[in-house]
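Okay, handing you the structure first.
To keep things simple, chains are lettered A, B, C and D as they appear, and every chain counts its residues starting from 1.
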Amino acid sequence: MIDKTVSNVSLALKGVKSNMTLLLGGFGLCGIPENAIAELVRLKTTNLSCISNNAGVDDFGLGLLLKQKQIKKMIASYVGENEEFERQMLSGELEVELIPQGTLAERARAAQAGIPAFFTPAGFGTEIAEGKEGREFNGKMHVLENAFKADFGFIKAWKGDQAGNLIFKGSARNFNPVMCGAAKITVAEVEELVPAGTLDPNEIHVSGIFVQRIFEGTDYEKRIEQRTVRPKI
Amino acid sequence: MIDKTVSNVSLALKGVKSNMTLLLGGFGLCGIPENAIAELVRLKTTNLSCISNNAGVDDFGLGLLLKQKQIKKMIASYVGENEEFERQMLSGELEVELIPQGTLAERARAAQAGIPAFFTPAGFGTEIAEGKEGREFNGKMHVLENAFKADFGFIKAWKGDQAGNLIFKGSARNFNPVMCGAAKITVAEVEELVPAGTLDPNEIHVSGIFVQRIFEGTDYEKRIEQRTVRPKI
Amino acid sequence: MALDKNGIAQRIAQELKNGYYVNLGIGIPTLVANFIPKEINVEFQSENGVLGMGPFPFEGEEDADLINAGKQTITTLKGASFFDSATSFAMIRGKHVNLTILGAMEVSQTGDIANWKIPGKMVKGMGGAMDLVASAENIIVAMMHTNRTGISKLLKKCSLPLTGVNCVKKIVSELGVLDIGPNGFILRETAPGVSIEEVIQATEGDLILGDEVHEMSF
Amino acid sequence: MALDKNGIAQRIAQELKNGYYVNLGIGIPTLVANFIPKEINVEFQSENGVLGMGPFPFEGEEDADLINAGKQTITTLKGASFFDSATSFAMIRGKHVNLTILGAMEVSQTGDIANWKIPGKMVKGMGGAMDLVASAENIIVAMMHTNRTGISKLLKKCSLPLTGVNCVKKIVSELGVLDIGPNGFILRETAPGVSIEEVIQATEGDLILGDEVHEMSF
């Protein structure tokens, strides 16, 4: 067994520098790498390019990095719910590249899987396809999209073991598995870290081979963006 | 819940006709859809194009279809261990297209995922790449490969539920998950069929949306090709 | 009288067929789930990685790890499954999701849709909409026929940046049901109490009357 | 004296580094697993969907659902995981597997390898070999230097259909260890009792002597 554990978030983020490109898992505030983001805030690394489906809210998630102006460029599919983001974008301080959510997922998966480029129908005929190769397959136009390239990937899982194997919970899975192994170094933080051999090999969502460092995170807030309920009847 | 259950293998294969293209899961004899193959033998459909990593052995797996000369074309990555196959291939009775195993898996996954084509480094500079587009990415040459197109996909899983959700066991998983949803109709046979709600949504390997028909198979032989053991000490 | 949001949702619910996997966009489309006929089995897919979505949780039972694409807390039903985002869009791109219902700012008579960006003003992003509209066999748009100042949103040509081209099949607005035909919008149904003339007035694009334009029935 | 198969495997095992994920081909490469130094942690990947492969099972404990890429019954070690074939080749193509060890019928001095087809005679297929050689950063070939009639298999140019081009980095044969250099094979080590002259004789391709050619040590 190849041991991937590091003892704390500071060791987990060793080597993170300004001007790097980061991949960050999560959808909205669900399944985001809270500990890694908190450490990035402490490190004050700047000029970061962040690839993540969303950009957090004003006071949580990637919003914390935006507030400190650590992000130079945001690559995302949806960036609503964040006033500071909107301000920085409209003022031109923040570079923003919006890409279709499925293309975002597939470009990460392509990076993980050694597929340098693939065709997708998403965005053909829109400004997203400008400057990209278009090609017809089965009577339908498609756009050629490239795999992401990133320095670090920050992943949040539910359980993990020493070997870096990961299991996710509910919809907190989202972009996390596809971003594992898509950057040069993948750092996974988990709610519960267990010894190798504890997890059923059949139930593992992501194999440890895609993870370089793993640690047990602390103080998860797991904030809910839209608390919607129905009355008990 | 959308119920995908059919009561037997005969209903599961309704609509299978001669000249069709089939995707079949399994690696060697591990995780092959034994019941579907047995039914194909009974149906005596001919001129089939079969996409499967291997072609079985002389008296089991796809070898049973070869014996009855039901297969016109075999698309596989490795076809050793089968004398009848070799005879039919060398005599020209059987058309054979050999493709790299990873490309086979990815072409199935592409079909499942609505990706019509992708670039892979596998096979560049070899006869496999002849007539295919080559392109350089990151200083390395790649080959453009297309998604498979198939009429039926035959899948074997360990457990499944009414909704078509599947769980595989050990290395019997192999090509089965990536072939789900890659053909017009995906037929899953399982060792144990349980009511919807029985399987943990977090532990499902393939969502029922990729499966059109599911049934509980019978009389699994699960033959071992190479029984390798070590002495108890 | 023009339909309200629930009315639009209720009319769209009639388009659902047994065995459909359905992706509901944010806003009016979400309300469609409340009007599914009992005799019909459908499953709702949420592109953040849930199939078999159920209603909102009972108060106190919210789970931060279980939300829909609108970031709302949800529940799951029997037969549900969770998966990653690449698999989710495999379902969408691979046409395994049968029907997509989403909102729009503008739709053109050739089926183009714009719903993700107002240059210089609102740029929230397309989320999964571009994948959904580029892939779905069957797309129904739930939208208001005109904006607040009465200007039509059913146009000859969209003025806003596009989300997808030639993809919308059907529109349900507060005024009626329209299909996209080869020569423009085709009016199929009018909302209760809305005249054909009112729909014509509210539609900037070419509008053709269907063979038997009739009032919606619920 | 030339090495036997176990000797080749033992020498290759010295190339393994702590933390390596390794894919072992069928034949001699499989034997490498028997010679891993105790102080080193490596994990074996089998392209049919197993990471963390262990030794063969004890008699009576074979499981038909647990085999390796050679279709042999196996076991798994702590920290193992199972996955589908697309994920397996994501590991390979994505360069997550650090080292590939495989057999060859021919290798050229530019690193081309042929190991899947003898036209008109043997056509078993490439299995995962084409993906492995096209992707791996580090490829070691375990092979016999010559065929049974003494004809060299280390060539200027392969005569058989290729499996991959410019990909082999290192060869361990019964006669020695050779790297692929810009101008041909580079002899690094000789097998115990084998002379440099013998290696030169057995190599059809251009052979350059490394800086310090020495005998292998075990």
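The rule is short, and it goes like this: a residue touches a chain if its C-beta (ideal position, glycine included) is under 8 Å from a C-beta of that chain, and two chains touch if they have at least 3 such contacts.
Just so we're clear, the structure is a prediction, and the values are computed from it rather than from any experiment.
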item	value
Other chains in touch with both chain B and chain D	A
Remotest chain, chain D as reference, centres from CA atoms	C
Pair joined by the larger number of C-beta contacts - B-C, A-C	A-C
CA centroid of chain A to CA centroid of chain B, Å	32
Computed distance of Cα centres, chain D from chain C, in Å	55
Geometric centre distance via CA averages, chain C-chain B, whole Å	36
Inter-centroid spacing, chain C versus chain A (mean Cα positions, whole Å)	28
Sites on chain B at which at least two other chains make contact	106, 109, 113-115, 120-121, 168-170, 201-202
Junction residues of chain D - those touching two or more other chains	82-83, 86, 89, 92-93, 135
In contact (per the touch rule at the top): chain pairs	A-B, A-C, A-D, B-C, B-D
Contacting residues of chain C [partner chain B, same complex]	19, 21, 41-43, 45, 51-52, 76-83, 86-87, 89-97, 135
Footprint of chain D on chain A - complex, ascending	1-3, 109, 111-115, 161-163, 165, 181, 195-197, 201-202, 204, 207-210
Contacting residues of chain A [partner chain C, same complex]	27-31, 53, 76-81, 86, 89-90, 96, 98, 100-106, 108-109, 120-128, 158, 168-178, 205, 222-232
Parts of chain A lying in touch with chain B, wherever the complex brings them together	106, 110, 113-121, 135, 137-138, 142, 146, 167-170, 201-203
List of chain D residues in touch with chain B within their complex	46-50, 55-74, 82-86, 88-89, 92-93, 112, 116-117, 120, 123-131, 134-135, 161-166
